[in-house]
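Both complexes shown next keep chain A, but they swap its partner, so chain B is in the first and chain C is in the second.
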Partner chain A sequence: MKKNSMKKAFLAVMGSEKRQNITIPLLEVLLGLIAGTIIFLILGKNPIEAFAAFLQGCGLFPKENYAGGRGMFTDFLSYLDNWTPMIFAALAVAVAFKAGLFNIGVSGQMLLSGFIATITVGYSPLPAVVAKPLVILIGVVVGALLGGLIGYLKHRFNINEVVSAIMINYILQYLLSFFILSFYTNPITRQSNVVSDASRLTLQDVMIGDYKTVIPLGFLLALVAVAVMHYFINFTKFGYELKAVGFNGRASRYAGINVRRTIMKAMMTSGALAGLAGVTYYLGYLGSIQPRVLADLGYDSIAVSLLGNANPIGIVFSSFLITVISKGSTYMSSAVSVDQEIGSVITGLMLLFAACGAFVRYKLHMARVSVEEEAREAGKAGKGGDEK
Partner chain B sequence: MSTIIIDGMAFAMPLFIIAVGGIYSERSGVTNLALEGFLGAGGFFGALFVACTSSLFAASSQLPMYLSLLVAMVGGGLYALLHAVLCIKFKANQVISGVVVNIIAMALTDFLTSQINTSVFGASSDRFVLSVSSRFTVPVLSSIPVLGGFFTNVYPFEVIILLVALAAYYLLYKTTFGMRLRACGDNPSAVDAAGGDVAGIRYIAVMLSGALSGLGGMCFAYSIFANYSSSIYVGYGYLAIAAMIFGNWKILPTFWACVLFGFARSGGYRLVQVLGMPSTYSDLIMILPYLLTLLLLVFFSKNNRSPRALGEIYDKGKR
Partner chain C sequence: MTMNESAAGTPIIEMRHITKRFPGIVANDDISLSINKGEIFALLGENGAGKSTLMSILFGMYEPDAGEIYIRGEKVRISSPNQATKLNIGMVHQHFKLVSNFTVTENIVLGLEPKKRLGGILPVVDIKGTDGKIAALSEKYGLEVDPRAKIEDLTVSVQQRVEILKMLYREAEIMIFDEPTAMLTPQEIESLLGVIRSLRDAGKTIILITHKLEEIKQVADRCAVLCRGKLVATCDVAATSTHQMAYMMVGREVSNEMEKEPPHFGREVLQVEHLTVKNANGFPVVKDVSFSIREGEIFAVAGVSGNGQDELADAIAGMADAAAGTIRLDGEDITRASVRQRNEAGMAYIPADRQNTGMIMDFTLAENLLLKSYYRPPYCVRGRLHREAFGRKSQELIGAYDIRSGQGADTVVRSMSGGNQQKAIVARELDQQGKLTIFVQPTRGLDIGAIENIHRQILAERAKGRAILLISLELDEVMKLADTIGVIFSGQLLKTAPVQNLTVNQVGNYMMGVTT
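And then the complex of A and B:
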């Protein structure tokens, strides 16, 4: 009896099937934060101070003091600058995910599109009006081609997309680092030469009031991409086919959906979005490419996408959160002196809980069924009693 | 020529035992993309053991190495429980679970390595330093032309891996347990009907997978890096998966695939040395195993027959 009331209470908190789409991710995040709190306590740090430091590092909470010409607003815009590629990358994972595919090659697609845009447009004397749209175009095309390659290998040769994407990631990482180190390296920073301001998607050193800030132009594009993907997934034939294939490939083939073409389309869309993440990251946020390193952001985007239920609107919120953790961890590390890797640990733990999301949904469903059944039984028993 | 064989085998053997781990898990029906995380976690436990006990042993003693291999197996097996619980108990999507388990392993071992170094050993470092493994040369056999390379400068762990692999082969193909394990991957309902415990067998299979990967990870840490740090995550777990796929989920063909990878890699490095190319070209050589994997996958994936129930969550109620 007591167990049943617990069940009811849990059901009431988690809400109806529809509300669960929000409450389950919230639960996952909450569990991740609790786990993070426990880690901070074990290390003997004040968790509130630590979490506040995450926010301070992102300009969402005022720091005690700022260097000259910098303020909370500076940090916030720099945070937006970092958030932008994360939105694109998470959308990329989400689109593939809807079709039942796992695009773990986002960081490779980001690197290649960023690299090609850098050496073609980034090092050219083109004026801003031409250069910026061209950078975006290259990002989309290169990303789509690379994503398409993974899709092609999947449906033509039956190669698991995770394995092929990882192989392509490593090949690109070493191949491009070879080119960067041989031809484009800056001897002082040991990174590729910084791209021209005209081609850069983030305006640098803009004075707003007294503060020196950056303006991430890509952020607007990211919001547009969210709206467009939301429309495509929910209101078009393409989105319907995508979800049908992801749900049951064989059934959709019998229903007359061209599964191969859908897989190709999904991977190309995913790649294009990853390409946009690449150009906003390498030609926006950073301005240069570090050889032999794949962006962590590409892997974090998996967490973002899972937490956001692979839903474009959900992704806006989950990417906001994960970027706070990843970007804020640098400041947090210096403020409370804990290794900044703890950021990825917290993200990882949220991922762990997110992976159990389907199970929670299943349990809730079972609980609801059993509660309903009991109510029906009780009703019957009551009626039976009256008759007697 | 003998350098190619020596280095090639030193790379191929750990890869092979990790791939055998993958075979165990996948033949039981649990998709395993988590090998990368398993090998890293196993290596972490082994290296932690070495770091904690280094004061107890003489500097030249080889005993810690053998013990650390054992600890790595236990640690890897325990860490694999995470994947097993997610896949079997929590019915998570096995591909997602594998990737998540990898990400957590990387984050956690990286964090713990530097945290333990600062708070326990009082040194700010992101790695555990391991001793250098001794090597041995078999007297007569090593003087055979060309093939002598297989008996020259051998790491002791290569022999251990060979023995463990033989045991794994025996267990998988010659025992009742092994037969049931393989049946779990092809037709779990049949195992259930015959009175076998599908979930139990899969738990054991995934844990064995973790133990074997942990052993492989520790050997990698000794042979290639001579210390343990996050640089152990360079995708060898995924290479092992690829080797397993060429090997058609069978142990012996998988062995040849691993040997091929090993020789491609060591041959490439040798080529750079012989031709006297600048060190940046080593990046190009690093590509070889991955590129070879991709090409071989293109040629061999089509005819492969993966375990029939691979990746399916077994539900007793479903018939």
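And then the complex of A and C:
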């Protein structure tokens, strides 16, 4: 009896099966935060202070004091600047995921589109009205072509997309480093030369009131992309075919869907979104490219996409959260003096719990069944009593 | 018979008040059974009646939620198949548990490998020494199995005898057979029933799970009838008619007779000429097959499972490429046409594997009902799907074909019963009003009521003048529905003839590749 009342309480909190799409990820996040709290306690730090520092680092909670010309708003806009490519990258993973594909090559697609946009437009004297749209266009086209290549290798030669994407990532990482180091390096920063302000997707050093801020233009585009992808996945023929192929390739073929073409389309869409992540990252947030490394963001986006159920709306929330932890970890590290990597540990823990989502769902289903059965039996007994 | 009488009254197995629940269903509801030593006890019931669950409990694959099991008068708790084996219980599953690239002996000793020491030191598995033991067992029970043959070279019926040998080797006294005749030809069924009788005469206790009344009538001594998880009755087979058993099993009257109108054949709709289909390894699995189907004709392909039926259907439907030959629909060459082009040309296809081919299990019922027409107006206009149109069409089909589900059109198909999934596929395909409808094993796994329903629908399509290709492993079904029968063996159409010119035994012979 007592066991079942626990189950009932659990069910009541988690809500109907539809609402569980929201409550289960929330539970996962909560468990991740609890685990993070335990880690801070073990390290002998105040967890509340630590979590507040994450928020402070992202301009979501006021710091005690700010340097001149900077304020909470400065931090917040800088946070948005960082959040933008994460949204695109996670959408890229999600679209491929819907079609049953794993686009692990997001960081490679980001790097190539960022690099090509940098050397063509970034170092050109083009005016802003031409340069900015051109950068975006290059991001989309280069990303789509690279994603399409992975899709082509898959459907033409049946090469697993994970393997080809990893290989392509390596090739790009070293090949582009060679070009950057040979031709485009700034000897002081040891990064590629910073792109022109006209081509940059984030407006630098804008004064708002007394604060010096940045304006990430790409952020609006990211929100538009979320809405567009939500529409495509849920309300169009393309989305229907994408999901059909993702769930069951054989049945899709039976239905007359051109599975190969659908795989190509999915990978090209995914690549285009990754390309947008690339240009908003390298020509927006950073302004330059660090040679020899791939952006962590490209890999983190896989996690973000999982946590957001590969759902565009869900991704807005999960990318918000994960970016808070990754971006905020720098400030948190100095504020409570622990290693910055603790941020990654917490992200990792949340993912671990996110991977348990299906298990939680199953447990809830079983709990519901047993509660319903008891209710039915109680109902029967009640009726029997009345008749007597 | 004397064996039976002498053993009467000494129950070897007693199951008392067994209850087993699965999410949303009570598979076994307070079932009590007592089975005597040395009898053939049949467990009769429709699919989903709880037969297999009950026997899985006896074999230790599930533990009951309530109830007790007594073996030879002793209360036991059977928590694993290994424990069941220790209690001398063996089971032949519907899908054999054999390693296909191992020999018969290797399969039989698997898990109980006889060991010897090479040169007195090195422990090795003694396969050779066991071959003789297995040959002897095989001879004793007339099983005719070569211990050194590899499983993949054996026919289904020989593989089944390997499973029987496996039980004998493990000294099983109680042998459970789960739907043993499902994959066999009539001749093979005869010989299997003979083997089962000889096992009984040797003092073994046999439990036969089946939904085929004829077999029970032929071999069983007693029979328990299950219906929706409850035990309806336990009866003496000799004293009960098949009609009574069918009534208990279904819970209502079943008419075995079905009105089949005299045929009215029209012009030829499907023409298949010299069709050859190769499998993924490049081996021809359909070889030079030619036949044609006219309007209003049911052309049934009979054959033992795995003789190229699935590939034949896939090639005609466009899911597999034809290596040679031509396929014409209504005179039009469709050999190279895509699946969608064939659909639009009027071909409907109800595939054998309804869960992996016919449906997308994670889609809703509405999405599955529109799987072949989602891209056309009114369901899709300029790339945008119209959910209202989906809903309207689904409601229409759900009503017309009596498809039952938890949340109507929005139910995820995975949560629906097999029978209702099949109804949904049939609804979708028949609704296309095609010229040709391909049915592959349309009644597999369905209960008597649902089978009857599907047969009626097939005959109704025939009456409307559609051409029908029926591919079935159930010979009864073929004989009952077909106008013309083609028997397929090893990818070749060995015999094509009107149904009235063939007897069941002739068809059975052709199914085994005997052409004389």
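FYI, the second predicted complex is superposed on the first by the 372 of 388 C-alpha atoms of A that agree within 3 Å, B and C clash if a C-alpha of one lies under 4 Å from a C-alpha of the other, contacts with A are read in each partner's own complex, and residues count from 1 in each chain.
The rule is short, and it goes like this: contacts are C-beta pairs under 8 Å (C-beta built on N, C-alpha and C of every residue); 3 or more make two chains touch, one makes a residue touch a chain.
The model shown is predicted, which means the values in this text are computed figures rather than measured ones.
> Would you check which partner chain A:Asp339 touches, where first means chain B only, second means chain C only, and both and neither mean what they say?
So A:Asp339 only meets chain B here.
> For A:Leu43 in the superposed arrangement: first (chain B), second (chain C), both or neither?
So A:Leu43 only meets chain B here.
> Per the contact definition in the header, classify A:Ser78: touching chain B only (first), chain C only (second), both, or neither.
neither
> Would you sort A:Thr118 into first (chain B), second (chain C), both or neither based on which partner it touches?
neither
> In the overlay, work out which of chain B or chain C sits against more residues of chain A.
Comparing touch counts on chain A for chain B and chain C gives B.
> Kindly classify A:Leu306 by the partners it touches after superposition: chain B alone (first), chain C alone (second), both, or neither?
Once the two structures are laid over each other on A, A:Leu306 reaches chain B alone.
> Contacts for A:Asn248 in the overlay, against chain B (first) and chain C (second): which applies, first, second, both or neither?
second
> Taking the complex as given, what residues does chain C use to touch chain A?
On the chain C side, the touching residues are 21, 23-24, 317, 319, 338-340, 343, 349, 351, 356-363, 367, 371-372, 374-375, 380, 383-385.
> Residues of chain B touching chain A in their complex?
Residues of chain B touching chain A: 33, 82, 86, 90-93, 95-100, 103-104, 106-108, 110-111, 114-115, 118-119, 234-235, 238, 241-242, 245, 280-281, 283-284, 286-287, 290-291, 293-294, 297-298, 301-302, 304.
> Which residues of chain A touch chain C in the complex?
235-240, 243-244, 247-248, 250-256, 258, 365-366, 369, 373
> Flag every residue of chain A that touches chain B in the complex, lowest number first.
Listed in rising order, the residues are 43, 102, 104, 153, 157-160, 162-164, 166-171, 174-175, 177-178, 181-182, 292, 299, 302-303, 306, 339, 341-342, 344-345, 347-349, 351-352, 354-356, 358-359, 362.
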